[in-house]
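Each of the next two complexes has chain A plus one more chain, namely chain B in the first and chain C in the second.
What follows is the complex of A and B.
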């Protein structure tokens, strides 16, 4: 029962994150939304670890937190460079890669 | 629990003891308020800092009073159990992590000292940092720092201990580098942080080792985890612990103490940390940060006691490190011109005494020295700050900008003299009762060699403090304290900066200086000085061993009685002949140093002035000291360069010759093979296929090209809808 509530919360977070990634134009906000998605996953891991009574989920969650930190570092670095070169971080303006 | 005597009485407790966990919580909340709303408050957040420290002080005082009545409610020789409360922090699988408080005599005495000094330092800072550009942040960091130290002190378990320890490490970085615009300051902050971190690895390793080694035993016998300090203590004393494991854990933990408490060879960060504002130096280097290492050893004493066979040999790792530290740091104090650096090396040396005492089984004198040292050293640091604030134009250079200040700064002078005498260990000032006890007990417990080192240290302490006192308060007024402002105002500021790194620079102060000469500081600076001087004079009587057992109050209240949690320790019987010897040594030190100082600095005696330039042996020694035993050079030039130089070169060579060699060989072979392949297979078989499939792809690609819009959000939408479809398929298949 308890686990269900965690899962609902995680699903909600995930959906908010997906909405942010798809609908937002600001690169920083998209990065933040990706964080939300990652943390939704974390929550699932921890919730299931609690249910199954072992430490695997916690370990995964800790790894994800560490890697997410690195990811944000790289992501923000990219955003910063893009801003320096283009004076904008709107994702709509960055569509040179079209086919 | 095993009864150590037949008579056991019910121990009293009380609200303050049960709620001692509030003591670190209050400043932690204070920190949050300052950092969030500080700038909008009328006093820029300093009132919150001061208020939270005052509440901590009141709570600590209440806890101390109730602890004393708890001790009194116990029977003679009964172990006074600490007041323990724990909470579940988190739980995974079968592992349960708890954090909590464990209040005993050691915790109480350190709590009172830390809260008291923190309060005074905050009061002092309101004046000293008036108009600073990061005033609010300063108070935030100061408050969090105290919270970290207090959390470490109340900790029931090694987890909370580590947390408090690391909070202090972080805050010391912020506080030392408070004026980070100056490159030297931020370098000093980084140096302090990294040097201490080197030791911190030891703490992590030690805690983990102790957990895995003791968890089974503690769970079985006491029902607590291997993180509980009580559990670890009982395990270490039970005789069932693997002696090699416990030795390695003790070494690891002691390395952490070396880093934090500025022991040889990791003491190099401590003098550089003087780059921080003076109140920071006073707080960090009298009662909190640097005492953390000593506290670690005294807190987990059974581990060290068993691991190093304390009391069972004539010397061990702790006493050796402590002994070396006492002498080398005191020697360095002689060649410093910066008053704060003299005090810094003096702190290093005094910490050496505490370590020596702990290593030689003189637990109680060492802890008592933490107590007395906090008062007189804080007073000395704040006195130095008072001089630089009001008399010497923010300079700390004793030779250039001080001298003859006893007349213009009577309060600062009087408090300085009292604290200096306490530091030197002159009867009846507080340092006598603690330092002499350490030396006495070290000899009594069979560490004769280290007793001699302690006496040499006492001589050197007396001599360098006399030199510093003479240069600061006696003789002719020089430089800024004579009212001379070197060069134009701003130039003086800039050039003084280059001359010595620990120069305090204030924003608001740079402009309002031309109109006043040296004068006494305001009440917010002198009040802490006076309070600390009174304690530097009187606190020794709380444990005045010479006057008989009735006077040994701190011993009664603080020292854990022999039980399964505490090893059995002996006390040296006090004799006036031994005390007389060390007092005589101190007086000789003072007199000798006074004589040389007068000849050298005032009368400019030709035989002494420039002696280090004329005599080559002395010059070598002087340069050796000036370069701090070349330890900094060793760390920066040799160790860092060794890693950066040869290892990088080796990697490059390996890359060039081995990896590239393999690559070239592979490439040549590939070329031969490829040539054949090209002629026979590629041209005839592959190209035909490719050309055809290319045509097909081109047609198909034309259809799909519009989806490659270059818009990230569209890609994202496609990705997530594909994932959703896949998830749906999975659900359908699995149901």
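What follows is the complex of A and C.
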């Protein structure tokens, strides 16, 4: 197996996630796209751990999984609060801070 | 070696198709279910990379916990379950060139840096014991910081989502 096949797969997943963050309006779907990006990063970490023959990449992949879980918890709490106050989770409507 | 490459190709194809469905489907619940396919595919790739502990954690945390959170989020925000045309914003087509340019830049960098470098096939495998030695030894400080982040996130989520 080549190193690059995993890195290319991760790059592709990352770009699909970036497209999702740009194109989506629904806040829950934006959070799902962010999960795609985080998984792409994790795949890189584990691939490099095998390439370098040590456990650093595994350790940080586990840390990133924990951070992602925290991020989804807080993110969905925010989305819930926005929905309760505005009756919508469309990100295009949240434009109060526009200059 | 050949069997591994065939396995990689099959799983990678499924993952990419599922990921594209996540960002293009017009149904929030379907997007969540396609995301499960992507996350399971990532877990399978971890197995191919001889990272069984990370793979098990991926299944437990992502497919077990995070997906339940997403489905609850979908349910509680009453994003219309079923086909919904208002999921993309006005400038959604702008994302395609951005993603393509990004992928082209990353491909050039990767092809330039790693070329046809092979992964070691006989290298010493990382054991779970080594990972725990790292977490509770060399990387203890990030682990503590992570514990505080999780605590703050849990409290923050409760405070944000509370009714009054």
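As a working rule, the second predicted complex is superposed on the first by the 98 of 99 C-alpha atoms of A that agree within 3 Å, B and C clash if a C-alpha of one lies under 4 Å from a C-alpha of the other, contacts with A are read in each partner's own complex, and residues count from 1 in each chain.
Operating definition for what follows: a residue touches a chain if its C-beta (ideal position, glycine included) is under 8 Å from a C-beta of that chain, and two chains touch if they have at least 3 such contacts.
Quick caveat: nothing in here was measured; it's all calculated off a predicted structure.
Of the two partner chains placed by superposition, only chain B is touched by A:94; chain C is not.
Of the two partners chain B and chain C, more residues of chain A are touched by C. Looking at the shared chain after the overlay, A:55 reaches both chain B and chain C.
Applying the stated contact rule after C-alpha superposition, one finds that A:18 touches each of chain B and chain C. Looking at chain A, you'll find residues 18, 21-25, 49, 53-55, 58, 91-92 touch chain B in one structure and chain C in the other. Chain C contributes residues 1, 4-5, 8, 12, 15-16, 19-20, 22-23, 28, 31-32, 35, 38-39, 42, 45-46, 48-51, 53-54, 57-58, 61-62, 65-66, 69-70, 72-74, 76-79, 84, 86-96, 98-100, 102-103, 106-107, 110-111, 114-121, 123-124, 126, 130-131, 133-135, 139, 142-143, 146, 149-150, 153-154, 156-158, 160-161 to its touches with chain A in the complex. Of all residues in chain B, those touching chain A in their complex are 92-93, 95, 701, 704-713, 716-717, 720. Here chain A touches chain B in the complex through residues 18, 21-25, 30, 49, 53-55, 58, 91-92, 94-99, going by the rule given at the top. Contact residues on chain A toward chain C in their complex (touch as defined above): 1-9, 11-29, 31-33, 35-36, 39, 42-43, 46-47, 49-51, 53-56, 58-63, 65-74, 76-81, 83, 89-92.
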